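Right after this note come the structures.
Each of the next two complexes has subunit A plus one more chain, namely subunit B in the first and subunit C in the second.
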Partner chain A sequence: MGMTLDFSILLLFTDALALGLWTTLRLTLLCIVLGTTLGFVIGLLRSSGNAVVRGLLGLYVELFRGTPVLIQLFWIFFCLPLILGVEFSNFVSATIALTLYMGAITSETFRASLRSVGREQMDACVALGLPRRAQIVNVILPQAVLRAVPTLLSNAVSLFKESALVSAVGMADLMFIGQNISNNTARPVEVLTVVAAIYFVIAFPLTRAVTVVEQKLLRKFSA
Partner chain B sequence: MDYTLDLGAVTRNMGPLMDGLWVTLQLTLAANAIGVIAGFALALLTTSKLAVLRLPAMLFVEFFRCTPAIVQIVWFFYCVPMIFNVFWGPVFMGIVALGLNLTAFNAEAYRASIQAVPREHLDAGIALGLSPTQRVLNIVLPQALRNSVPVLLTNGIGIFQQSALVAIVGVADLMYQGKTLATATYRPIETFTVVALIYLAISYPVGQFVNWLERRQSYS
Partner chain C sequence: MADMRDGSALVEIRDLHKSYGPNIQVLKGLNIQMMPGERVVVIGPSGGGKSTLLRVVMGLEQIQGGSVRFGGKPYISAKGDKTVIDTELRKQIGMVFQHYTLFPHLSIMENLILAPRKVHGESRASARERGQKILERFGLGAKADAYPSQLSGGQKQRVAIARALMLDPKLMLFDEVTSALDPELVAEVEAVILQLAESGMPMMMVTHDMWFARNVASRVIFCAGGVVVEDGPPEQVLGDPREERTREFINRVFHIKA
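This part shows the complex of A and B:
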């Protein structure tokens, strides 16, 4: 191979990369908070609520789980403004798209954890004569939320990775800036490797942390 | 909204979309063939007692799990030809890139089910005087394969959806054809909706099948 690697070229672009990373992190954190909240509400509504609400929410969840995130982004970026007749900034469009995606996958997490709280617990509530509100707020919810924690964390890491897709619709996140630098310097090997390494340095410890939390919780539940 | 829907713009152009779907299916099936086989080999390496085998295998898995798929694909398309001086067709490049990603995720699935084989079964194998190879082949392998089927299928649909990423590097898959059509006809709403529904029409039934399989396995 007739190429020499020169990673020092990246030193010229540390500010640009930092700016891209900041956009990535801001977008990710905002969508984690909004998406988890949305997912919690939808998970609850899908576990109770009336049949029409359940059906519509089910449709929403399946749509966002069953299609590529890339096409969801394209749809929100290019179709939603046409339908609503309003222009959104890139950041707002990306926030809407990733929040809806996060809401869909997180609602499934909550629904699964609500179901995992044993039937006996409900029976115990009835035997103790607890009112319906106390059954849900004091018995079912705390256990369900605790059980959901590892999956919620891993959803959050996934969202961090999926956020790189916004580069494809022209938002200046870490990936977008990395690709621009790579094209302008014609040094894709150095630039793209460093971009991958930045994502890795953030996602790897988080993935490890998820495993640790999961094992702690498993021990807690088996004890 | 002053936008009148015209589905004809899409139905008149189903040809390119179907060509794209065919490419998407080829990418998905070939990447799954790589992922199912190489994933198992990689899982054996990550559970190996020898650090020389285990550590590189784990690094491979963690690299693919902890970086965005789009970064992997862009990296692959730009850097592999430069580093290794090879020039493959775009579909083949896509298959290898997606296949390597799926290999890492499937290895995790296999590893979890290898570790889930109950300790007692191995003890029983020892008590019966089975050799280590016999224990792996006749006790661990059949159970691990059976238990990982739902996750392998879930990962398989995952790669079907991720395959849309190759549109960004110019592979003429369903997503790419949809994008081209939306631009050419100025009909983004109709086109992107139909493309999304095509993806949904394939991943939804497989997803339901996985749910059914998981329920059945949890009873047995």
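This part shows the complex of A and C:
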């Protein structure tokens, strides 16, 4: 059997691939926005709040950080509807799962960045007589968010790649479409290489952006 | 003696006790009475409680005993395990720290106007106008839109002083404000403080720079082991100390300088 590679076969499936990519992008963007918001709120609550809230949120964060995303997906796709007695569409289930995962990861990012704003900044706030609200809103939070930006971007890139796992629960994302084409054409090398290239073309500029942000933005705003 | 005129003091520290945890006692019954218009420089060995003293006066620390009065009113006191601080009185005191503590995400002008706007509800325009005047007075007129990371250490420290002055404090505290600076930048910061001193601003300062202490102080306090060891005019404490411990310290410091 000759092993000549024929990438032209992919040209037959550009529409399907575009549709898969669109699903992947929609899902990822939505989960980045929702997950980051959730992570921000949880990061704040875990940095203050009462002990019970902190404990419960800690449990959630550790569960989602410490288990495979694939199992989380299976769990939310198949167990959650049984428990709640509600059927979700694939897209909703995937959104819930990846949002919860992203929330757990980013809450730790925010918590670390909140802690990294030094005690000296608090001292300066007190010395200036700033009210509590202004201390948090005008001084501590903006610095924490700025410091979190590079890690958040990395988290977002990871989520974009990890979103390929939703293909395992039957969602028609880029990965799923790629696998289908690969099965139907018996050309896994060409198809999966092209799919990987599509992921790379989107992820690479974002990972570069992390470096730029670290070098430009953070240098400007760091003490 | 000033000590006798009770009630007219600007700052009156009585029997101040401060410890970090159960084992580290930093201030052990410290007494200071500072009169209006005085410029008090606190000197002494490291770990003697100088910076802690300033932080207590700024209302940044819990205390374990004693009290501080400010402008004749009760300001800080230890009540059981708690430290009661009058936060309205605290607003009349400004402080500049060793490591600038500017807000790095805000421009110089925003650093200056944040507190006047949030504390006194001053309008942005009015605060900016005052801010620009202070910056110009300190030779920083062109830096309003710069960010702290774009300034030298000396410039940052002058901005920190300007920021504190925006609130019209009745007392300024300077905690080793030149210690983190490169030697060639020290003079520009000291010049600003001298300028303030000439304008009559009461100040309490911790410094290791004995030349500067002599120039700026109206009174020098030698603090060691958590208590005031010697307290008097700069010529006396720096030039001809009465206490043996002060003499040892001064000799050592000036010996190193020479």
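Before moving on, here are some points about what is shown:
Basically, the second predicted complex is superposed on the first by the 216 of 223 C-alpha atoms of A that agree within 3 Å, B and C clash if a C-alpha of one lies under 4 Å from a C-alpha of the other, contacts with A are read in each partner's own complex, and residues count from 1 in each chain.
Everything below uses one rule, namely that a residue touches a chain if its C-beta (ideal position, glycine included) is under 8 Å from a C-beta of that chain, and two chains touch if they have at least 3 such contacts.
Predicted model only: the values in this text are computed from it and were never measured.
Room for both subunit B and subunit C is found when the two structures are superposed via subunit A, with no clash between them. In the overlay built on the shared chain, the residue A:204 is in contact with subunit B alone; subunit C does not reach it.
When the two complexes are overlaid on their common chain A, residue A:175 makes contact with subunit B while staying clear of subunit C.
The three-chain arrangement built by superposing both structures on chain A places subunit B and subunit C 100° apart around the Cα centre of subunit A, to the nearest 10. In the superposition on chain A, contact is made by A:134 with subunit C only, not with subunit B. Once the two complexes are laid over each other on the shared chain, residue contacts for A:164 go to subunit B alone; subunit C is not touched.
Contacts of A:56 after superposition: neither subunit B nor subunit C is touched.
Judged by the number of subunit A residues each one touches, B leads among subunit B and subunit C. Residue contacts after overlaying the shared chain place A:126 against subunit C, while subunit B stays out of touching range.
Distance between subunit B and subunit C in the overlay is 20 Å (nearest C-alpha pair, rounded to whole angstrom).
Taken together, the two complexes place no residue of subunit A in contact with both subunit B and subunit C. Note for the complex: subunit C touches subunit A at residues 55, 58-60, 87, 90-91, 93-95, 97, 99-105, 114-115, 118-119, 147-150, 163-164, 167.
Residues 1-3, 62-63, 65-72, 74-75, 78-79, 82-85, 161-165, 167-168, 175, 178-179, 182, 188-189, 192-193, 195-196, 199-200, 203-204, 207 of subunit B touch subunit A in their complex. Those residues of subunit A that touch subunit B in the shared complex are 1, 3, 62-63, 65-72, 74-75, 78-79, 82-85, 161-165, 167-168, 175, 178-179, 182, 188-189, 192-193, 195-196, 199-200, 203-204, 207. On the side of subunit A, the complex with subunit C involves touching residues 120-121, 123-124, 126-131, 134, 138-139, 142-143, 146, 219-223.
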